[in-house]
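First subunit A sits with subunit B, and in the next complex the same chain sits with subunit C.
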Partner chain A sequence: MNIASDRRFNLRSFLATRRSLALLVLIVGFFIVFSLLFPSTFGTYDNFSLILLNMSAEAPVLMAMAIILISGEIDLSLGAQMVLGGILCGRFMNVSGFSPLLSIIIVLLISLLTGFINGVIISKLKVTAFITTLSTGMIFLGIAVMLAGTGWTNFPLDFTAMGQAKLLGIQMPVFYMLIVVFIMSFLMAKSRFFRQYYYIGGNTKAANLSGIDIDKMKIISFVIAGFLATLAGIITAARYNVTLPNIGTGVELRAVTAAVIGGVSFTGGKGNVQDAALGAVFISCLNNVLAVLKVNQNYQFCITGIVLILAIVLDIKITKKAE
Partner chain B sequence: MSVISLSVHGIVKHFPGVTALKGVDFDVRAGEVHALCGENGAGKSTLMHILAGVYKQDEGKIFLNGKEISISNQKHANDLGIAIVYQDRSLVDGMNVAENIMAARQPTKRLSIIDKKRLYKETSEILSRLKIDIDPRSMVGTLSPAMQQMVEIAKALSVKPNVLILDEPTATISEKEVGALFNLIDMLKKEGMAIIYISHRLAEIFKIADRVTVFKDGKYVETADTMRVNSDWLVSRMVGRELMFSRIKDRKISDEVVLECKNLTGERFTDVNFKLKKGEIISLAGLVGAGRTEICRAVFGVDRIISGDVFVQGKKVQIKSVADAIDNGIGYLPEDRKEQGLFLEMSIEKNIISASIKKFIRGLGMNERKMLDVSEDFKRKLNIVTPSVLQKVVNLSGGNQQKVVIAKWLLVAPDIILVDEPTRGIDVGAKAEIYTLLRELANKGKSVIIVSSELPEVLSLSDRIYVIYSGKVLAEIDGSEATEEMIIKYASGINN
Partner chain C sequence: MKKKITIKTIADMCNVSVGTVDRALNKRGRINTETRSKIIALCEELGYTPNTLARVLASNRRYKILVIIPKEPSDFFSLIKRGMEAAAEEAKKLKFDVEFLSPDRSIPYEQIEIISNLNTEDIDGIIINPASHLLAPYINGFVDKGIPVITFSSDIAESKRLCYIGENVKDAGHVSGELMGKFLNGKGNVIIMTGAENIESHQSRKAWFEKVIRNEYPKIKIIGNYYYNEKEAEADLIIRDLLHTGTDIDGIFVTSSAGTVGVAMAMEKINLELRPVVIGFDAVDYTKQALKDNRLTATICQEPYSQGYYSIKFMIKRLLEGWQPDRCFYYTKLNIALKYHSDIEKIDIDMLGKDSICF
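Here is the complex of A and B:
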């Protein structure tokens, strides 16, 4: 049997196997259509860079969620860890008087611990990830609010420059996003270590029989996720020159939405992180167009919801037929 | 004669409540296929799990190439040169063939970056050496079951073992595809591999194996060269367990047919015809995976019927859902009572009424008094051993759980009851009670279809037996004439 011999173009198998390309075509098509319709508002360089900027701060959280979903788990504490990261960083700079660099390093070290707590509870104590991270999320957020009160602002200029400086007219967080997405997609595609998450998410029993240390891998995935979420918190703080306890509200579920639209399976083992990022680009475009059209925010929610359902239904139909 | 590659002596393995192996001996030579036979519960799989490092034996010794070894885990077994292809699949659908075969052992460059070139090259080498014509880049999920089986074998062989264990390798593949598998086994044999082959399909054993050993109830029975014996010999060594209960003797059964299936075809069975009369108990006998459960599930509206007709009380009916089946007076006691038949965390009472809730609604609530009375009544009649019907079902023994499932369906009072593996994992005493119950039902004019892998059970309960093989009805045998030998032969695909 030779699968490659069938060279006729098949839309279904194209959509099922070349997800990245299909998404890219969709996004580019979207850009072209709306740029032609609204050349002065949508189709501008500034607007394009805004679309990317709007998704950039949360991009590390998306990467974290994508890895966790691929390994067959979920992490609902990412938003709380993001908030905790931002607030701790602000507190270290404003109250303790640490330099921005030292603050960032300490906060990132703490993030390794919060992720580790999640991982150990899930893999060693066998509590489901949903419940574990729901609980630790409340704990992390509670601690963050206690430490922050109403929030921190007026950060050192060195710090805010990291989030507000521009290169080629594009704000820095966009570049951080590109770097994080590039590193994570490289690792998830090429590294033997990270590839193991696909085996675990695809068939845990088979992964175990193949000699993969599942507990260890799970702990590491939650540590990485915590690290990335905290990074997002720091970038957000630098970009807005403020950290508020509500900055992370709903970010986990926005990440799930983007990942699933990008083809990451909610039950694990399928999809990849760069497609999840493309999913986020698509949502960001959609929201931008709706904003340009001055559509009420509530309609935006409804439309995102419809797109999510459509994406999943199409996914089920297409993969089923392609097989 | 070539050298003995692997041998075991006096292996004993206890599990809670049962001794699976009672001191068995077995050996396999280099360049030989040695088949291991026996009915369900004979201890074949337990021994293979010991050799694969999944279980540890309680007594007995294992020798590999003459040296005594102790196998500590799965990976250690691989390192020693013992590889196993399990009955259950151990592949990841969403990954390609090469990634599955090499799994956690993929070749890497610096920084643990996977060396794709070497990965595909090494996989291609393994596949082409085994003459398996699969693109290493094709996704495992898109391959046929037979090709997936080949990938499983390639995965097992990629650790370069000297001993290969195949546990029911043909259970999930069609007969046409078996040929390719046998060619592969033949080739490995010529290369000097020692192969242990477990199968319920007896015809296969004579095609592929050099020697055959029979286990029965955890004990070693006999070993023979397949050249010198035939299937009758094999069957006679496998059977011979005593019937626990006397057979039904020529019961008077009316000619009224309550259920008839004509040319019933589903995903896993084709052109199935059978009749069930009022007050009759029939069995669908056959091997696990033959399609027996699927037939029941189709009749009960769980699985789709592709073509064919179902007649209930002589009238043609459309069964498209479980509700349709229940409306037509059909009830189903599933194979896996814990997963599909019970709400484990709920009380016995709530379980018993769970399929008849409508009968207990009073106003906006439930008639608690009536629920309790009815449940207590069943507890007494079925002898469910529990201090109270308000106990959670999870706290009951397997036998008592099964009685709760039966009570649930007795309350619905269907005329036709499908029972899938009614006594799996149940102790002898409870088995007897369940048999008596099923017979009483039949005597009261209910009709029962039993699916069972335990031949003594089939023989002691059935008025008639349909033997299913590879999704087809291969034989219909009168219950009073049936023997274990007859059923095993048909169930193994040996016709006439």
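Here is the complex of A and C:
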């Protein structure tokens, strides 16, 4: 054994074990470079607030996806649940005349049901998560489209204030995002209950042997995911004062990309939600730059897809070398 | 990067304390059977093995292993002791102390005297070269008290000892008989020199040797059986007497290292036109030289260093990890030392840790 080589600094190992630091360096570097290149458009306080704001509405979906991925599954219905949540909320306020608070409560309760349906089909009927959530996503979206009509808008002021009011010059969704990220990070790190998702995702057989009720845990994860996606839909509706069926388009892809960039393994058992959030910051920075460069939004999908592949390949290479 | 599995991970997954996992893995303390099974199954699935070193270093416990090893024949047993001392040196950081007790002769009553006066209060394990089955009740008594016993070089299979490390006596006797038969070309007069009547390993070697000769080389006659009381000088005298009186000896089979040295000493003193074929045991320094000088024909070697080394290692494994051997016999490799292949001890040490134990 060469002791000298064991002590030599290995960048790959360093990056593989300190994902947060690597991401922060990447984001700061990104910001510095593009701030220098576009000082009046990119490198401003307002623009950085915008970067955070743009990702804030979808941040709960990202948290949901991160937990699902860590548990070794995937949920392709999050976008549909997000849309359904917003549309139902709008309908309850504008058609049923419910107060914003009551509408939100009812919609969140319904979200528990949509998540529960996913969880039961996957864990009890043993249909794969991919097929299940693809199918239920279409069902939820279909229901949303039927209920949406031309969309809902002109919501009560106390509802839109939720999404548009500012604190310290920053819109409220950013703070909701920080609260959600903080709570989920804390729970996944400190709560034994949530830590079980790492065990389930890492080695299902071992988790089963240790006495973890995998079916129950999976149902709960999809219920939480549905709840968070619906919350994202409500926040989006409040922020934009409108609900439309296409608002959640591509949110799953962005959530998976952000999670993988943040170090969440798509095979399960690895990663954390706070790094996934940093991954989302990176994606948001990237989208912001593309907007500054006036790149067509349709091309942004391609670019996001390319970034996802690169992130996965890089992650595999770094992790393998480090191991 | 794959997360390292620790005892804390196991405890967290099973929703038990670290202490409970520790008790389950080390088979001690009170623990629910179902919980123990769950923990063990999980460890197997995850490939978790406790970090023994960390646990031992963190604790204040010291372990004591007692080795009962004969003084004579000194050349042979000193090789075994060297192996033991090497293992003991490695085990120092694991807080193991190895104490050696050396009865003057490898005969039962002396061993019984030592064992019956033994204070076992602070002894955690015993390694012994038992001379006879008479020691079985004593070995069983230690085991019943929770002190594991490992035998080396000779064995008492019917006792409760943990395992035996040493030669396969049957193979040794068989190979000796085959060598004698082939060297004598299937005919001639052979005498057997046995160390002591009551040393069972010698009797076993003799018995298997005789079986091969009788069954496969019927023209070879065993014309005498002599006891040299494990003394080189006595073996020397017996052979010289026999040869001086004109006894027609074509082959000599010697059942132990001491006798082999004694016979080689005799060959040095006698001027013979044609020396008998001498098949003996082990390759101590004098024996190696005797092989080179053609005073001996071949000796059967049994990896004494490995016997010593592994007996300590296995005992440590037992005491630290609760290791249960998957078999009772761990046979060392049988080597044949010849004139041009006598540096057997070096081979023993070089091969250590690779495949020197036949599992």
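Basically, the second predicted complex is superposed on the first by the 309 of 323 C-alpha atoms of A that agree within 3 Å, B and C clash if a C-alpha of one lies under 4 Å from a C-alpha of the other, contacts with A are read in each partner's own complex, and residues count from 1 in each chain.
To be clear about the criterion, a contact is a pair of C-beta atoms (placed from the backbone, for glycine too) under 8 Å apart; a residue touches a chain by one contact, two chains touch by 3 or more.
Values in this document were obtained by computation on a predicted structure and should not be read as measured data.
With both complexes brought onto subunit A, simultaneous placement of subunit B and subunit C is prevented by a clash. In the superposed model, A:K126 makes contact with neither subunit B nor subunit C.
When the two structures are aligned on the shared chain, A:K270 is found in touch with subunit B and with subunit C. Look at A:R195: by the touch rule set out above, it reaches both subunit B and subunit C. Judged by the touch definition given at the top, the superposed model places A:A206 against both subunit B and subunit C.
Contacts of A:K294 after superposition on the shared chain: neither subunit B nor subunit C is touched.
Once the two structures sit on top of each other via chain A, subunit B runs into subunit C at 314-322, and not at any other stretch of 188-196, 314-322 or 332-340.
According to the touch criterion, the shared surface of subunit A, contacted by subunit B in one complex and subunit C in the other, consists of residues 192, 195-196, 198-199, 202-203, 205-207, 209-212, 269-270, 323. For subunit C in complex with subunit A, the touching residues are 1-3, 10, 12-15, 38, 41-42, 45-46.
Partner subunit B is touched in their complex by these residues of subunit A: 1-4, 190-193, 195-196, 198-199, 202-203, 205-207, 209-212, 265, 269-270, 323. By the touch rule above, subunit B contacts subunit A in their complex via residues 74-75, 86, 88-95, 99, 103-106, 108, 111-114, 133-135, 138, 141-142, 147.
Per the touch definition, subunit A reaches subunit C in the complex via residues 16-17, 192, 195-196, 198-199, 202-203, 205-207, 209-212, 269-270, 319, 322-323.
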